[in-house]
Structures are given as C-alpha cells and as structure tokens.
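Paired with chain B in one complex and with chain C in the other, chain A is shared by the two complexes that follow.
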Partner chain A sequence: MKSTMARLALISAAALVAGAALAQDKSVKLGNLNDMSSLYADVGGPGSTIAAQLAIEDSGLVAKGWKIDVVGGDHQNKPDVGSNITRQWYDVDNVDVILDTPNSGVALAVNQITKDKNKVFLNSGAASSDLTGKACTPNTVHWTYDTYALANTTGKAIVKNGGDSWYFLTADYAFGHALERDTEAVVLANGGKVNGKVRHPLNTADFSSFLLQAQSSKAKVIGLANAGGDTTNAIKQASEFGITSGGQKLAALLLFSSDVHALGLNVAQGLTFTESFYWDQNDATRAFSKRFQARNKNGQPPTMVQAGTYAAVLHYLKAMEALGANPRDGAKVVAKMKEMPTDDPLFGKGSIRADGRKIHPVYLFEVKKPSESKYAFDYYKQVAMVPADEAFRPLAQSECPLVKK
Partner chain B sequence: MSAATQTGLIPTGAVRHNEMSVFFAMAALLALAPFGIYPFFLMQAMCFALFACAFNLLIGYVGLLSFGHAMFFGFAGYIAAHFAKLGTIDFTIPLIGIGPHINLGPINPAWAILLAVIASAILGLLTGALAIRRQGIYFAMITLALSQMIYFFCLQAPFTHGEDGIQSVPQGRFLGLFDLSHQMTMYYVVLAIFLFGFFAIYRTINSPFGEILKAIRENEPRAISLGYKVDRYKLAAFVLSAALAGLAGGTKALVSQNASLTDVHWSMSGEVVLMTLLGGMGTVFGPVIGAVVIVAMQNYLAQYGQWVTVIQGIIFVACVLLFRKGIIGEIAAKLKTAL
Partner chain C sequence: MLDLIGISSQALFGQLLLGLINGSFYALLSLGLAVIFGMLNIVNFAHGALYMTGAFCAWFMLNGLGINYWFALVLAPLVVGAFGVLIDRLMLQRLAGLDHLYGLLLTFGLALIIQGLFQNQFGSSGLPYAIPPQLTGGQHLGFMFLPNYRAWVIVFSLVVCLATWFAIEKTRLGAYLRAATENPAMVRAFGINVPLMVTLTYGFGVALAALAGVLAAPINQVRPQMGADFIIVVFAVVVIGGMGSIMGSIVTGFMLGLIEGLTKVFYPEASNTVVFVIMAIVLLIKPNGLFGRAT
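This part shows the complex of A and B:
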C-alpha cells in the first residue's frame, strides 16, 4: 500500500513536471529572411516583418500566454549567405519558422535545410513553382503566388488578345528560368510561338543590349521574366528606347504594387499582370493596409508578398493554437496547417494542398491611366478573376512526391 | 614580420619550440571548441583560415600579392560540390554538339575534395606561369584579370548553375568511414584537413625550399646571382598556394553544402588579403586569427546587412594605420619571438 502511494506520488509529480514543461513551451520564434537592402527590399523586406507582427497581434495568442518573437535577416540575394543565416537561426537561435524569402535561388536552399532540420518554411516572396513541384517538402508552404499561376493567367490573357509571338527577357537564376519555362508552355499551348530569349544577370542596371535584341526579334510581346528592380529598370528603359511606342507590347510577368509605385503611372499605365492581392480590393484589405501603412517607413501599402506573409503567419499561429503548444516538429505543424481550412481577411477562405501549395483566387489587373487614379496608391483595375481551383497547377500534373497518385 | 624571417635565418630551436607549442595549443583548443561554440561557424572559420594561410604563403614568404586567389578557392568549391553531387563530365563541344560524356556518379567526398585540389593546382600552374613573369602591381593585376575570367566562366558554365550555385550537396561518408551528415564527425574531419594544410604550410616555410622563397622575397636579384632559378621557385610556391586554397574551398563546399558565386567573386580575393593583413602578414598563426575575426564579424553582425562591409573597411584602415604588423605580428614583436 505504502509503495503504491509512493508510486502514485511519483507519477503525479512526474505529470506535474511534464505539464509544466508543456505549459512552458508556448514560445515561437519567427525569422523573416529577406532581401533587406537591394532590388527586392520593397517587395518583401522589412515590410514583411511588419506584416508578421500584425499577424501576431491579430492571432491574440500573446494575451493567452504565448511568447512570440520575430527576427529579421538580410540574405543579400546570395544562396550561401541565406543558408548560413538559416542554419544559424535553426541551430543556435531556436527559430521555428522562416518567413517570406524572396529570391527563388535562396528559397530553394532554405527549403532543403528546413526539411533536414524539420522546421517550417512559410514562403511568400519566392516565385518558383518548383517549391511545390519537384522540390516540395512536408515542411514548406508556398502561400502567395507562383510562376505557374503568373504564366497561366497573364500568358493566357495576352495570347488570347492577339499577342501570339513572344521574346523573353529572363533573369538568369532559378526564378527567371521557372517563369520563362512555365510561360513558354502556356504560350505554346495556346497557339503562340516563341521567337527567342535572352538571359540577363540578377540586379542588372543596363538593359540596352538585351532590349535591342528583343526589339530586333520582331516579336509582338516582350515577356519580362524577372522581378522587382530588374522589371522596373527594363520597363523604364524600354520606354526610353521607344519599344512600346514602336508597337511591341511589354508583358511584365511579375509586377508588384511597389514596382508600379516606383515606375509611376505615366510609364506603367496599361500594363496587365497577375497578382493574388491588391490593397484596395475590399474593406478588409483596406483596413489592413491602413494599419500596415502607419508602420511602414516608406508609407506604401502592402504588396501581395507582404500580405501573404501576414496570412501565412496568421494561419501558422492558428495551427499552433490548435496543437496547444509548440511541438518543435515542423512537419507536424505543417500537417496541421494543411488539415485546417484557411480563412483570413486578405485572401479569404482557402486551403493548403498536399504539395504545400496554398490555394486562392488570383486576379488579372491593369494599371490605371494617370487620369483614372483618384487618390494616393489608386493604381489597379481588375480585369479578370481566376477561381482558386483553376489558378494553380493541378495536382495531377505535379511532380511533387508528396502527392499520392 | 617575425625576428627570424626578418634576418632570413632558419628559426632557432627556441623559436621553433615556441611555434610548435602554439600549434599544439591551437589544435587542442580547436578540438574542444565545438562543445562551447557553434560547430558550423568554427568549420567555416577553419576553411577560411586555411585559405588565408595558403594566401599568406605567397604574400608573406615570397612577397607576391595575388589579387585573384578567390578563383582557386571558389572554383575548387564548384568542382568538389559538382563531383560530390553529380559527378558528370561533359566535353560536348558547343555548336557541333558531339563529344565524350562521362558519368562517374556522385563520388566520395574525400575524392571530390582531392579532385578540387588537383583542379586548383592545374589552374594555379596555368595562371601562375603567366603571372610570375611580372612583379608588384602588374602581378596583382594579372591575377585579378584571370580570376575575373574564371568568375565569368562560373557565372555562365551550365554545371555551376549561375546565380543559384550548386545547392544541397550531399555530405556522404568520408573515405567510406566517417558519416559527414553528423555535425561533430564533420567537424573533426574538417579539423584534420585544416591541421594537415596548416602543417604542410608550416613545414614548407621552414624547409630549405622555404628559405629560398624568403631569399627571393628579400632580394630577388641577389637570389638570381646566387644561381637560383627564381621563376621556378615562385611558380612552385604559387601552385602550392593554389592547391591549398583549393583544399580550403573544396572543404568549405562540403561544409556549407553549396558552392556559389560569392566564393569566386573578386571581393573574396580582397577579403583574404584583409584576413591576412589583420592577423599578421608573414606570421604562421596570423592568418588563422585574422580569418576567425573576419568570419566571426560576418556571422554575428549579419543582422546589420551591408554595414558589415563598412565595419570591415574601418577595421582595415585601423589595422593599416595603428598596428601594421597585424594582431599576431604585434604580439610576436612584443614577445620578441616568432609566431
């Protein structure tokens, strides 16, 4: 009897300790690994840290006794710098999840390390559809957009409007290659043809020789398979060379609201492109944008990348809450995220597929004429909406080994 | 510069005894360090330390300022990463589209590093044969020009994957015995490689060959008049330095599991100059300390982004103005010994 009592006491003591340990593990650390100072800094950058902080506030977890921190890091668009920070964060600083990470080259490196260390990677900024294709992992969620969605929406729309011969100006790294590949496939499938392509280094200042090659190709459409500062540079220089006034059409395959702001409506007017979020879509997005702008140093509304970071963090924290405590097991958290339907003020209701692809509608926008713009940052008009189940690559075509066929 | 190298004499027994004790102290410290300090950081620091030591062999003991050492370091990284990951050799001639295609499959990391060393040595032989015909600033410019050519090759060649670099390099089993995916095993393998490289350099500079190199550094015409074929000695030192830089680069590629353009960029050539100057040019241990300081700054100040380069610049200026002999050089001068 005595020994039973002692045993009981021991067990309850052990349970108490275990309970205390579980109760303590309500801490989460998020790392915004981004381009903080170069060509993608306005697309994601410090703004993504703000978005993550807003998501933490809206999750209400801090009031429930959770401790949630965000740290930021600058990968300088170099895969080796990015992977070093990633390792350091995971091994030493106890970071649970890496956010955003524009630049597909860096994102693919982070993707692999995250899988090896069983953490979580919530990608918003990188575009390569390989993240949910052949490089997919059980630890990665790709939130905002990808090259397939861009190609499928913008590419199809332009070919159907008569732009049936293309010349590609491609950023020479993982993202550019993926965007060019996916767009070319759409152009060919819709009866168009590709006259040629040229690849330029990341962060190029002078596009003159590339643009002249594009001009002499006589293609109706010059497809810009690049992003951020590269796209705005190319568009500005194309207008200086008179390429657009000469009858050729520019297709910015990836354009962010920060790029339109940088270009100005005079240069950007009439461009059609694909995004999955625009700050002025409805009351919920406007309310969020107002809060975001108040904290953003340059006063700009959120880009879709920053919005995606917000929504991804919000859903991640919901999954954490559902799990009760931080399990320190990345695959388990992501499995929970996939199991729960998503619902947030910016992207509405949606879901995360087995391959890690977040599903929501995407929109074809056109940049307004200066005369149509009524107030600050009033830049887009919506041309078309592609429903969630058509916007992204069908699971049946996926090369992802996680998809059971 | 140490007292021994200044007079150009073979170090006395006491000095060498000192150096050996410091060497064993360093080895012991490094063997224990991963229990207190993040091992991945230490491994990177050791790779850069070996790189800086290899560079120091040229500038500190032959007096040749190579401004293109990144080509050996970075290119070796690509070779090691490529062979450890894929192991294909494609000699297909562009435009014609024919040529032999060899597939070795992923090879053992030890052989991948060895291939990287051989590739660097060959590259060193080719560039060295050209560059040593000139001295001073012209030598530096030729090495810089050649390393820029290698940089553009690495940017454009298909196997290097341009801006993405070679990623997710498998670590495998070193010589089939040591599982490198285990961080501590990897650490001790890297430590062994580092100590091997370091000791090779130490033996070289204290050998008769090393004495001739120092003689060339101090007074080249006099060395010629004594009957030495100085070009051959310089070339041998250049190839040795390139091969050891390659050893460092190949090892680093396996440690960080990637090979990227950062390591072949000219700024890497500048960084190794900074490491060597900061630690103490022409000292045995200086480059090691210099490399550790620079890598630690890059790691622990990473959150400040581009400010790291500004801080590095300030340190460089301070080093040149205030302690020209470098950290170890100043300590050695204070202790009146060679380190």
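This part shows the complex of A and C:
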C-alpha cells in the first residue's frame, strides 16, 4: 500500500515535471531559405528576413515569453544546395519552419524533406501550382500566389482582349514548365492557340535570339514564363528589337514590383500582370511598407513575396499561440493553421484550404505611364480584382491526395 | 536546303548576326584577359567584377553627374583602368614571381568583395540604362530587324580588338612588352621601366573590361551579377583560344558567339553549356588551345 502510494506520487510528480517542460517549450526557430544574391534576391532574398522579423514583432509573442529566432540561408537557385541547408537546419540547428523559398525547383525539394522530417514549410516565393497539387503535403502552406492563379488571371484577360495566339518564352526548370503548362491550358480553354515555345536556361543575359524566334512565329502574344532578372532582360530587349512596336504584345506572366523598378516606367509602362499584393493598396499596406522600407537596404517597398512571408509567419505564430507551446510536430501546427481563419493587414481575411493553398483575392495590375506616376514607387494601377474563390485552382480539380472527394 | 532542318535561311542569318553581337562581348573581355595573362602571367578573376564596375560607372556618370553615354565610353574605362593600376601597385605586384594560384585567389577574392559591395548598395535586380538617343531605332535588313545599337556594338568592338592586336603585335611598344614578358631583366638593361609597363598593361586590360561594361549597359540591366554570370564563359573562351594569345582570343570570342547563337536555334536548352562542351573537346585534342603555342 505504502509503495503504491509512493509510486503514484512519483508518477504524478514526473507528469508534473514533464508537463512543465512541455509548457515551457516556447521557442521557435524560423529559416528564410532564399536566393540571397542572384536574379530573385530582390523579390524575396534578405527582404523576406525583414518581413519575418516584422511579423514576429507584430505577433507580440516575445513579450509573452516566447523565444523566436530567424536565420537566413542562400540556396543559390540549386535544389541540391537548398536540400543540404534544409537538412542541416532541421537535423542540427533545430529549425522548425522554412520560409519563402523562391525557385520552384528548390521549393519542391524542400517540400519533400519537410514532410519526411515532419516540420513546416511556409512557401511564399515559389510559383509552381504543384506544391498544392500532386506534390501537396500536410506540412506545407503555399501562401502568396501560384502558376494557376497567374495563368487564370493574366492569361484569361489577355485572350479575352483578343490576344488569341501565343508563343512562350519559358525558363527551363520546374517553375517555367508549370507556368507554361497552366497558361497554355487557359489559352486553349478560352479558344486561343499556341504557335510555339522556346525554353531558355535560367539566368540568361541575352534574349535576342529567343525573341527573334518569337517574332517570326507571328503570334499575337509572347508569353514570358520566367521571372526576376530573366523577365526584365526579355522585356528590355523586346523593346530594343522593336517587337512591341511591331504589334506583338508581351505578357509578363509573373512580374514583381522590384522588376518594374529595375526596368523603369519608360520600358515597363502598359504591361499587365497579376499580383496578390501591392504596397500602395490601402492604409494598412502603406503603413507596413513604410516600416519595411526603413529596414530594407535598397529602400524599396515590399514585393508580394515578402508581404506573403510576413503574413504567413504572422498566421503561423497565431497558431503557435493557440497551441500554447511548440508541439515540435509540423503537421499538427499546419492543421491548426488550416483550422483558424487568416486575417492580416496585407492580404485581409482569408483561409488555408485542405491542400495547403492559402486563398485571397488576386489583382490584375497595369504599369503606369511615367506621366501618371506621382511619387516614388508609384507604379501600378488596378485593372481588375478576382475574388479568392475564383482566383485559385478549384478543389474539385485538385490532384492533391489530401483533398477528400 | 536549310528549310530541311526546320529553319529558314532568313532566320538563320538573323541568328548568326545575333551570335556575332554576343561574340563581340566575348572577344572584348577575353582580349583583356589574354593581354593580362600574356604580359603579367596573372589569371585575372576580377575581370567580370571590373566589367560590371564599368557598367555601374557609366550609370553613375549619367544619373549622378549628367555625363552622357559617349563621354562615359571614354571616361568609365579611364576611371576603372586607374582603379586597376591601383590594384596592381598595391596588391598584384607583391605576388610577382609566385605561383599563378596566388594571383588567381587574390583577384577572385577582389571580385567577390566588389560584387558584394555593389549588391549591398544597389540590390540584385539592377538599374536601367537607356540606349543613347543617337542609336535608338534600327534597320530592317530583310531577314531581321537590327537595332542600331547592336550594330554599333559589333563595329566598335571589332575596331577596338583589332587596334589592340595591332598595338601589341606590330608596334615598337608592343615589341617592348612582349620582350619584357620573355626576359624582364634583359629589357630593363636597355633602360626600359618594366614595372611601369606591366602596371599600365594591367590597367589597359582592366579598361577593356570596363569598356565592354559600358557597351553592355544599355543592352542588359546594370546589375552586380552581370560580370559573374559572364566571366566563366569568357574564361572558357580564353582556354579554347589559348591562354595569352591575342588574336586567338579575338577570333575565338566571335566564333563562340556564333556557335552559341546557332545552339539557341537548334537546341536552346544547351545554349548555356555548349561553350564548355567545346572547351572540353579542345582541351582533349589541343591542350594549349586552338591558337596557343606549346610551352
């Protein structure tokens, strides 16, 4: 009897200690895995670390006794480098969540490792709709945009305005292929046709050869299924080779505010493209941008990718707070994130679907003429808004095994 | 006949011409490398960074000082060349007589530092530089639309390349230079200031890189990575042409531009790698390069 009592006391004491230890696990480590120095570095890059830090400050968790750190890593646009950093972070450095990760090739690799290690992947920068399609996992949330939304918005708008024959200039890796595939589907579904396509290596300086091929295809629209420096070089050289003045229209299928800044309004004016965030949309986005710019080395406002990193981290930390402590169980955290409706100053109210797709409205923007731009970074005017439930791939068409049909 | 392989002769001419344009950049950059290697025995890995510095110099002259493209074409190479002289005097000369590897590591480190500084200041996506108003527009050649600026690039870089070749191979100054590489002590005995000559040669090679940078500014974005992306290809060009061979680097530069242009038509996915495939083949067959002398 006595020994039973003692044993009970011991067990309850042990449970208390364990419980206390669990309750005290209020530390979180975030890793911003990014292109830190090459063609996508201004799109996400070090700016995404700033965005994550702002989200940590706005979450108010540090004041409540949480310890939250952000580290950064450069994947150099190479899936093998990205995978190595990911494993090192997860296995050695106790990183709980990987952020942003532009470059779909790298993102798909991180996506798989994150699932295997049961961590969390909050992607903002990669575009491939496969992340929430056939490659979806219970550990990944794809926040900002994807190739389906881009194709469905820009592609549809251009075909409906008479741009019914297309030629694609495609970056030759996972992202370009996905964007080309999704756009082609939209073009064909809306009665257009595709005259041809050419695939260029990532990070190409000279597009003249590809542009010449596009020109001789006689297509009405040249679809640029690339991003960052590749897109800006292609647009700049298309204007040099008289392609736009010759009557062909350029469709920048993915363009960021940093690209427009790099091109200058003289070259970029009139381009229509899709984004889910623009710094100058409302008071809340302007207030955030002001704080962001003060810390950003080159003084530029946030891109939609950086904004998405902020909003994703904010929501992730809300879920953490709701869980009370870090469960060290990625799938559990993501399940909580999906359960809670999202609400942040940059993307408004929204939700995360079963396939990991975050949904919110997306916008069709047009680049202003130099004469219309009144102040620094005054670049876009909104042409159309696509509501959240129409912008992204319907769940009914999803190839994601997590979606119950 | 050409139609049989799925491309019209018109399109082919266009692509060949574009290849020549890219080739002229390869030629200008590899020429600078060849001059520096030939005279100083230094593998100048900072070449790409200095090319980028030339482009930024032109951008800064236009936007900060109001100096237009034409003056920048002269001034930017002078400024960057002077910087090159400084690099040689302060650093490279201390490595004279040591293994190639030391110069290579030093210049590689310099390249990283210079790029890092620019990136920190300007970000990675770069800055726009407009084509000078005298060269906007273009000509319809029947088989393609050739922007005036690109035509200018071909002509100008050809003139610069040939002038450099002439100066080194056919003039008295060039003869001194070549003699100083073979036997510096002997040339000094004739009362010629060899260290000064070597320094100026480095400065000249660097100025060539900066000149290519100014030429490239209106075509590409002016961005910190522009040299790093380019320089590896240019090194392959130098290896194919033969280290230190002046004419070799010019001819190989234009030739590889053409080959790359053709690859972009027939198998665009390989256009980034074709130069390296050729390099591997040349190294197997002629280890000293197409124009190199056996040592």
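Quick notes on this structure:
Keep this in mind: the second predicted complex is superposed on the first by the 391 of 405 C-alpha atoms of A that agree within 3 Å, B and C clash if a C-alpha of one lies under 4 Å from a C-alpha of the other, contacts with A are read in each partner's own complex, and residues count from 1 in each chain.
Here, a contact is a pair of C-beta atoms (placed from the backbone, for glycine too) under 8 Å apart; a residue touches a chain by one contact, two chains touch by 3 or more.
The structure presented is a predicted model; accordingly, all values stated were derived computationally and were not measured.
In the superposed pair of complexes, A:266 makes contact with chain C only, with no contact to chain B. Note on chain A: of its two partners chain C and chain B, the one contacting more of its residues is C. Touch criterion met: A:78 reaches chain B, while chain C stays clear of it.
When both complexes are overlaid on chain A, the residue A:172 reaches chain B and chain C alike. By the touch criterion defined above, A:37 lies against chain B and chain C together after alignment on the C-alpha atoms of chain A. Applying the stated contact rule after C-alpha superposition, one finds that A:232 touches chain C and leaves chain B untouched. By the touch criterion defined above, A:201 lies against chain B and chain C together after alignment on the C-alpha atoms of chain A. In the overlay built on the shared chain, the residue A:161 is in contact with neither chain B nor chain C. In the superposition on chain A, the residues of chain A touched by chain B in one structure and by chain C in the other are 37, 172, 201.
Partner chain B is touched in their complex by these residues of chain A: 36-37, 71-74, 76-81, 83-85, 87-88, 91-92, 104-105, 108-109, 112, 172-174, 201-202. Against chain A, the residues of chain C that register as touching in their complex are 8, 10-11, 14-15, 18-19, 21-22, 119-128, 130-131, 138, 144-145, 147, 149-150, 219-221, 223, 225-226, 229-230, 261, 264-265, 268-269, 271-272.
For chain A in complex with chain C, the residues that touch the partner chain are 37-43, 45, 172, 198-201, 203-206, 208-210, 212-213, 215-216, 228-229, 232-233, 236-237, 240-242, 246, 258-259, 261-264, 266-267, 297-298, 300. Within the complex, the chain B residues that touch chain A are 38, 40-41, 44, 155, 162-165, 167-168, 256-258, 260-263, 299, 302-303, 305-306.
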